[in-house]
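One chain, subunit A, links the two complexes that follow: it is found with subunit B in the first and with subunit C in the second.
Here is the complex of A and B:
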């Protein structure tokens, strides 16, 4: 606990931080991947290709920030991929090409996002269902409900206005070409999340993930904090859905597998599963790194079918790396094992 | 401690660089030299005799009325079904084991099938219609078929197999139960069924698309292939035929990408290819996400490619709006009507073709407007050659899904 605020404050001088894991490590990996991409495709760093990359990566950055909120509080959210798919399908069906429906439907989508997050949070905290099960269930519920509602494949179409955030941008800039709205939205949400994590709420969230019993004793309303984290994640997924739908329109497969890509991004950013450690910026950089890696694979003509295997390796390697760091921690720091809850005195708050 | 971490990070970086370099090496050869993207098709998925047969079938005029393509057949060998005559067909139960409705093509087809069933029920040609959906799970479908057999209620069993080899024993079990079995869409490795219904096939589809690109692009033009998944026979055959035709042409195949039909992935992959150079043509093994591929050209400020999509309406509407040079190969969606019609015919003792090869004609520029008009009210993920315009539920059944 004493260590975390320092970790979150201004990043230490880069050279000394390179080996320490977290933000600096993932930044180093990102730079390395960019260097390799540049050797493969020198034109990548001319403005427009870079902006195209930013446009493509923005939804994953937003999903990773949302996933960060949940993971840092000691939980998981596996439902975001299905939620993205459901939201895009809902949008297409309700808008059905009518420009006037754009804003009302976006409001409805945000409300639906809040609802899904609330259900995830309430079931996890009040019914005591582990979040990995709650959100796995929610993933299946949403997947099935959308299939049922649409008879198996999406119908309708998105309006032009709906597609602007994901597809459009500030046009005709020198050097850059188009500065995508998606990138600006992702940047704004990331900055917002950084400030959120420095606020009292953010510190409560971090404390909850680190040790929920201790946090509860020191006055944190653990359940409320976690429910809000789930709502935040679902809202982020909704924004990501607006961007993804805008980017490429409606297909039956939209959103599939995004939850694991988001988790990969977060753990690659050094955010520790089980909660309590890691930064928003590292999670966002993790997302950029995952996208950059996929871009690199494409540049190398590796088939995209190998992506899930690589994601799996990244998750295992990143967590193993983090666990190793944990073992090397000086003795005396309390170890927190979220899956083996310490015995409690009667009457202590349950997670 | 810090040093060991720096070492680790450094090693990781080095590995990345090295692997990048090693993987780069084969690319130094001729473009299109990656695995499987070359001029010769993968032997596992290429059957020369079948390829030649399918390409020839495209030229054969099918028997039957052109107004009812779902009842047409190419070079049918009629088989006697008098042993299956049902005394009161209006009480006959027809059972259907469906692989899934997991993509828009299957959804469209299944709606058409249900409407055909209603029409036949009103005519008193079949009675009860029972459906089980295996959700793309082979084991589920095997037990679905077994359940139909065990129930003893089915007077005819229709099967749309999820995969070829795995479902073969299940189809044989259904045949052994003594009721007429009808297989359609994907095949199985047995001929115990009364009839096997399918459009010409994957080679013809891939060839229609590839020939169009060869005819409409200058020699030396670059073509990018977008494929959904590896290892699915109907899709592999499309690609094998395209490889064959591209190999004999002077087009430069940049390579192929697996997209899972995901629009975001397609757009990203095409954008990246555009960053690296010209793409003059797009070949797709299925039309899902064709619009996303075209938008990648729009967003990059490049002229549209010559493209082969599918008869999915979102693509055909884009084709019309932008005046593209395009073709819509067709994997005849109206084939979903044929199995229930075949069931009614068999229960009536009429002859049916043992292998019922339905026509499969691509939609070309000249017919574009006609098919767009006919499907004006249909949703964008609908297939133009669904062939249900004369059914009682038209158009609400397809517009309000």
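Here is the complex of A and C:
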């Protein structure tokens, strides 16, 4: 009798699912934005513009899926924006226009991504630094290191082969025109993440974000699982960097602020901060929704400088909505019996 | 408290009649009547979900009633807010305390109506004096008004809640399972406080699952089932079994089921052996559990029961001594190693240690398989539906229901399913029936018997002595992190408490200093290991 009947009753079925802040809600919002875009620009749904949209949105989808892995495990990754920037600059400098260097440099970038993810994960889990601080630090470290290394302005240039995934695609299709590689890569990674979350690893990750003590008591290697989530996020950021570099080229500002756009996307998808709830598909749809919103702003001739403000409002509104629905943890800590209060749980020294 | 005056006090202080309440169209209370008399304890019992807490909350002003009337001293009242009820002298001590951990006892007691001194500043001294007076009134020592609430034990925090209620001149105090988090010895303190409250003419509404407390304290008992009033009876002349039958609507054959015929292997094999285990909180822990045996760990709160469970399960490791499971030496460094060795722990706190509340029944039930045997968890997981149906888990919404929507009893069944899926050889159950209703308790007891019959070695930890004694084949009694002795199952509660509190007269035999030796030798004189363990 510790719960009220309201909490015990089964969650409502489909009719109210649209308002529940999950996949259905974000899909509804996405469709609404598309409808508004179509009224402004009826040619938007004629294939090529839609494919251009998909190409542009693909990196954010990939970043959102990476961010999802970390958020669902109960952590944050603020370093992905800087990592994208660093990876693009590394690629430009090391490839320096030489086609033959493309593949080796991509392998090196992936290795660098793994390294960054490992450092984020190890510092967070073993040193007990809250991930929001760890990755904020990593964001600054990468940002500064890249500027130091390049002397302020990026040097070198990307090879043509490097730019294919971000720019190219399957050409001359009927109706669609070009089917961008970027969209296919984003789709493949999203589908892969969906299956990952259904695997034993994914379920362990989800349980860790929901209740890391219970997960550790169930034999989950909580630290390892979280470290792998950070590595996953960093690898996704690396793939996003390849696409963004190919699409937009090399600038000093590349990647800036992307971590917040990715978090906005994930939160908009109804993935609950603090972990343990939400789906990959919702995070990906959240990314498409954010990108669609920006596209709409372009059509309305709103200056792009307003975008951060809009992101901020979305984050607050989405989290407030989740809080109202009671998805967030109550602020109070569960009562513990005094005889084992100061206990250290395995793998989870924090929280 | 059975010594309460026999003549019924003339007028009830609270009269609730025809109380009805719905949440989101679900009716949880149907025309319930309840009368509370000054100086009397009125017990409110029923299974989880019967409507006890809702009725309490109606009285406390948390939820206004949809229908029916509440009268206080004969005049109708309608509390819209808990503060209103408090001001009128109706206080409630909820299970979850509403205390501010970083504030002092006095600040908590006077929260929201601080005593002001000159210039309107809060007069901490005056509040502390007033709090000290209230504590002294209840004969309570050991709680300083200036102590931070965080530094107090759960029992002391509960006292602060009660004092807070009294500071409002409460004439009615409701308590929601006040002993759920208390140790046996702390319950005595609560009894004393309640006796003092009754002397002052306070009416107490007491919600509890524990039969003994109900019959120790209450003069009248109201039974609720499915939101309806079953009956209100006098405690005298009612037997616990009658009460249980009223609560569940069917007779519960015996409180503790009898052992079953052995069916599996491993009967009589030593499946768990602890020799000289120790760490910062435990010393020289030695005992063994055979297949088919249920061994109870008895002892006061803080005596090391849970610590042993945690050491076995690799949470707080033994730094000395050794553990063997099925004869193989294991060093449980983490729950994972323990699980792999076939030793599992049903931990005492379902919500913080046992379940991922936002995940489905199935996700929780297969979590251990996923985590420990990620490859080939499929074959084991295939057994899960069977395990779940065996446990008679009734969840609206089926296996995909999120466990936070389940009742306490069903949540516990999910936890048990999670561990049964691993087919453990040794199961440690820490407070497996805490906060679950009578029906679910029976299911847990039957399950334990069944597992024992299949040859599982079971270690049971429980703060409820009758349960521990009734279910265990043997009791290992702990005191101060050491084994104080062993007793056979069915021993008297006095014997167990005497060992646990160290209040036994020293054994007479010359040279026998340690009561453990005599107690163990009396029981297991054929077992040489106990002599080895002696200093």
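Following the convention adopted for this analysis, the second predicted complex is superposed on the first by the 310 of 351 C-alpha atoms of A that agree within 3 Å, B and C clash if a C-alpha of one lies under 4 Å from a C-alpha of the other, contacts with A are read in each partner's own complex, and residues count from 1 in each chain.
Here is the rule we use: contacts are C-beta pairs under 8 Å (C-beta built on N, C-alpha and C of every residue); 3 or more make two chains touch, one makes a residue touch a chain.
If you're wondering where the values come from, they're calculated on a predicted model, not measured in any experiment.
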Which superposed partner A:114 touches (first subunit B, second subunit C, both, neither): neither
Determine, under the contact definition given at the top, whether A:141 touches first (subunit B), second (subunit C), both, or neither. neither
(request) Quick one: classify A:176 as touching subunit B (first), subunit C (second), both or neither. (result) neither
- Task: Check whether A:129 is in contact with subunit B, with subunit C, with both or with neither, and answer first, second, both or neither.
- Result: neither
- request: Applying the touch criterion given at the start, work out whether A:256 contacts subunit B, subunit C, both or neither, answering first, second, both or neither.
  value: first
Message = For A:315, using the defined touch cut-off, is the partner it touches subunit B, subunit C, both, or neither? Pick first, second, both or neither.
response = neither
*Have a look at where A:184 lands relative to subunit B and subunit C in the superposition and call it first, second, both or neither.*
neither
> After superposition on the shared chain, which partner residues are touched by A:215: those of subunit B (first), subunit C (second), both, or neither?
Replying inline: second
Within their complex, subunit A touches subunit C through residues 1-11, 199-201, 203-204, 206-207, 210-211, 213-221, 276-277, 332, 334-340, 343-347
The residues of subunit A that touch subunit B in their complex are 16, 18-21, 25, 28-29, 32-33, 36, 39-41, 43-44, 48-49, 52, 56, 150-157, 167, 178, 244, 247-254, 256, 295-296, 298-305, 321, 325, 328
So, in the complex, the side of subunit B touching subunit A is made of residues 1-6, 8-9, 12-13, 16-17, 20, 23-24, 27, 34, 101-104, 106-108, 110-111, 229-230, 255, 257-269, 271-272, 275-276, 288-289, 291-292, 295, 299-300, 314, 379-381, 401
Seen from subunit C, its contact residues with subunit A in the complex are 23-24, 26, 28, 46, 48-54, 95-97, 153-154, 181, 207, 301-302, 306-307, 310, 313-316, 334-336, 339-340, 345, 347-349, 351-359, 363-364, 366-372, 374-375, 377, 396-397, 401-402, 404-408, 418, 435
